[in-house]
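Data first, discussion second: the structure below is written as structure tokens.
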Amino acid sequence: MLMKSNSARANAAGIAAAAIFAAPGLAADLVISNWDGYMAADAIESFNEATGNNAELVLHGTNEEIMGKIMASGGKGLDVAFVSSPFAEVLRNLGLAAEIDASKIPNMSNLYPEAMMLEHDVGNKFSVPYAWGTTGLCYRSDLIQPAPESWNDLLDPDESLRGKTTMLATDRWLLAAGLLAKGYSVNETDIAKLEEVRDQLIETKETLLAYDDTTFYLKLVSGEATLVHAWDGWCNFGIAENSDIAYIVPAEGSDLWVDTMVVLEASENKDAAFAFINFILDADNHQWAAENILYKVPNKAAMDALPPELIEAFPNMGYSADSMLNYEQLRDVGETQRDYARIVSEIKAAQ
Amino acid sequence: MASEPAYRHLGNFLLAAVFAFLYIPIAMLIALSFNEGGMPTVWSGFSTKWYAELLKNSDIISSAGNTIVVAAASTGIATVLGTCLALGVETRRRRGSALEALIFAPMIIPDIVLAIALLSFFSLLGVQMGLHTIVMAHVVFNLAFVCSVVRARLKFFDWSIVEASEDLGAPALATFARVTLPVILPAVIAGALLAFTLSVDEFIIAYFTSGAGRSSITLPIQVFAMIRFGVTPEINALATLLMCASLACLALAQKFNRGMVGA
Amino acid sequence: MRGTSLRSNALMAPAVLWLGFLLILPCALVLALSFFRRGIYGGVEYVLTLSNFAQAIDPLYAGILLNSARIAGIATAIAVVIGYAAAYAIASAPRRWQAVLLFFAVLPFWSNYLIRTYAWIVLLNSEGLIPLILRWIGYPGEPPQLLYTEGAVITGLVYNYLPFVILACYAPILRLNPELREASRDLGGSAIATFLRITLPLTLSGAAAGAVFVFVLSIGNFITPALLGGGRFQMVGNLVYHQFLSANDWPFGSALSAILIAIMLLLLVAQAKAAERASGTARSESHG
């Protein structure tokens, strides 16, 4: 029977071990999740120094990834999440996003007036825009003649481009390319139109090298791909490595994407979360971000201070706020999201 | 076995081809990890700078630390539970196929299924996820592996010695310590080493059962993020180090428990 | 001996409890979730429905299931043929070499899966090593696209699981009594007939175990199709991943997982039956 107590001890050891890991210990008081390389490498450190917080940064690869985590945990353990606007809307609709207390974010006044009026969240009630821009075509101007002009140059590419193009993998942007090409809304809910787009995208699939959300600009640099579906800021990463890479918004237009900062309702340290957002919106900090991540930021004070050489090297950094507002924002489409998910599955499964 | 020279040559050729297939990708990563320029297609001179870069990368260092904590904790728990389970199953008179299935299931269940099952489970119970949930999940498959290695050893164990010892009035624990344990110890150590290796490399389950903070990011989760954001020479250096660690663990396990790999 | 039985049960209890709580209960939960409905914004509405299973067998998702089974099947067939042959060759090697050969055949299996998969990206991408070598040896024109193809996905799966097949096939081949084969040869059986009627049936159990392992892990895999398929191939594993991490349709993801669990159980039973029958046939043939 002594052997029994042996296993009981093992059990106790297990429980003790679990208890040790469950203890918060030296846990950070503010956890921020952002895309890799989407803010200054030392931003968290300087924030901690400036405010005496103990914030930490975690990374997510895609909106979906962080959404999955938040849904699974109810947002517990996370304070600020960087997500694109339609996902911010979903978080609000699920009651997972906290109301933004503007009085604790005085630097909000640095934003363009347009950035306070964004359709998905007029008045920035539950999300604060961090970066914005267009989605278009990023290509090797030395390898493609003539330069692409239309979404159809990607969707129905020239024979010479077969196997040399990539498209974004995320549901909404993949469909947006097809919708824009046909002149439809990027938030289309008419199933017949969506199916028309699906058929086009299935045809396009045969010509693609891959679906790629994260390394498309590297494929351009290496020459694996010559024309890719890209967010403007991420195309700039490629331009920085090879000046033959160029970006255009196709003739049919783009969506206006907005990446936002959302404070989670489950956060136990909302004041620090607002302080963090305020820190990011500081003109110098936000300018530093724009210069280093090469994405446009909706911060007038920061953008006005950008050196002209930067805009010369990366022309899309010069797009004006009001020109971008001509484009439609991706919105949460509610119930239709199921059709979107299904259609994307149909595209991805097509042989 | 076969003595026909033609078959022998065919066999040697086949083995050479299989080993080339298995080791060329690994050898390439190791070679690239010492490539100054870091590009896969251009050799620009020998350098250990990528190892230096690796050691400077605090994300990798902290995730490696987390991985060691997870692997050590899950191995510790799994070794005790798995060994007890093996002893229990082997001394049990009745053999139940349900029990056998329960022990076999964790080794064969697709990772993604176990991962989402645990994610749903923890999420439903409102358990905050973190390193502790990864440990709990890793124990599930680790204990099955430890159990199977120890059971293989127990198949050749002469239980009459235990009975004799107990008939002579030795307490059960003393009998275990002096008779049973010395015999199964090599298998226990080997099982523990294998469990440790499995846990260090496990990605899918850790990815789904990890928490939100940096503090629960393990090395494979970090590697996945790095691979997704492109090919960086640091990964080659990391791959080389991980490969060496696996080699050391498996070689140790083999040394302790001769023939285990073939058994 | 009641004491022993009690002790056995007590020894087993902690592990059985652990598996009960962290394997059986979660799997039961998956099964239960698969009968509920998805809420508009994800989450689960506790309304009983069979719609998740109906969805799983509609042509789109049934097609993905079948295609995954096809890709997993091809990978399994290749891995088993190569693995069996390699195990046979190892078992035929000089005795002192066998342990070393087996050790190095199995070693890659114990190293990081992601990194082994990543190695193939480096080898296969169009600016990578294999196309470079193809050009260097004078391949006419542009080398074909290797990465992001079905072939790349299958290669990745075979590469990752081959060591396990070799291991699973080796033990039964080694245990094979050489006298049986010699007897068959002495009685005039050709080498092929001997292999087919004696060797193969007696060693099939290892191959079957290896096959089940490769098939189950391949069909549920999502990393290899994601990294080597460039997102162009949708397998059940990707679909499950997608339901849980992006579509937020946990009930449907659960139904797909339940199907995977069912496939796994079916194959395990089939494998046990096949192994039983194979050894039975071989025994009667060697007697007859």
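Each chain gets a letter, A, B and C, in the order it is written, and its residues are counted from 1.
As a working rule, contacts are C-beta pairs under 8 Å (C-beta built on N, C-alpha and C of every residue); 3 or more make two chains touch, one makes a residue touch a chain.
Worth saying up front: this structure is predicted, and the values here are computed from it rather than measured.
Looking at chain A and chain B, the chains that touch each of them are C.
Distance from chain B peaks, on a Cα-centroid basis, for A. By count of C-beta pairs in contact, B-C exceeds the other of the chain pairs B-C and A-C. Chain A and chain C have CA centres that are 36 Å apart. Remark: chain B and chain C have CA centroids separated by 18 Å (rounded to whole angstrom). Contacts with at least two other chains are made by residues 7, 10-11, 13-14, 127, 244 of chain C.
Among the residues of chain A, those in touch with two or more other chains are 1, 3, 7, 10, 14. Across the assembly, chain B contributes residues 80-81, 84, 119, 136, 139, 172, 231 that each touch 2 or more other chains. On chain C, the positions that touch chain A within their shared complex are 7, 10-11, 13-14, 38, 40-43, 60-61, 63-64, 67, 125-127, 145, 147-148, 230-234, 238-239, 242, 244-249. Only residues 1, 4-5, 7-16, 18-19, 22-27, 29-30, 33, 82, 85-86, 88-93, 98-99, 101-108, 110-116, 118-123, 127-129, 132, 159, 162-163, 166-167, 170-171, 174, 178, 191, 212-213, 216-217, 219-223, 227, 237, 240-241, 244, 250, 253-254, 257, 260-261, 264, 268 of chain C touch chain B when the two sit together in their complex. Chain B contributes residues 69, 73, 76-77, 80-81, 84, 119, 122-123, 126, 128-132, 135-136, 139, 171-173, 176, 211-215, 217, 225, 228-231 to its touches with chain A in the complex.
Residues 1-2, 4, 7-8, 11-12, 14-15, 18-19, 21-26, 28-29, 32, 40-41, 80-82, 84-85, 87-89, 91-93, 99, 101-106, 108-114, 116-121, 124, 136-137, 139-140, 143-144, 147, 172, 194, 197-198, 200-201, 203-204, 208, 220, 223-224, 227, 231, 235, 238-239, 242-243, 246-247, 249-251, 254, 259, 261-263 of chain B are the ones that touch chain C when the two sit in their complex.
Taken in their complex, chain A has these residues touching chain B: 1-3, 6-7, 10, 13-14, 17-18, 21-22, 27-28, 31, 33, 36-37, 56-59, 61, 69, 72-74, 76-78, 214-215, 218.
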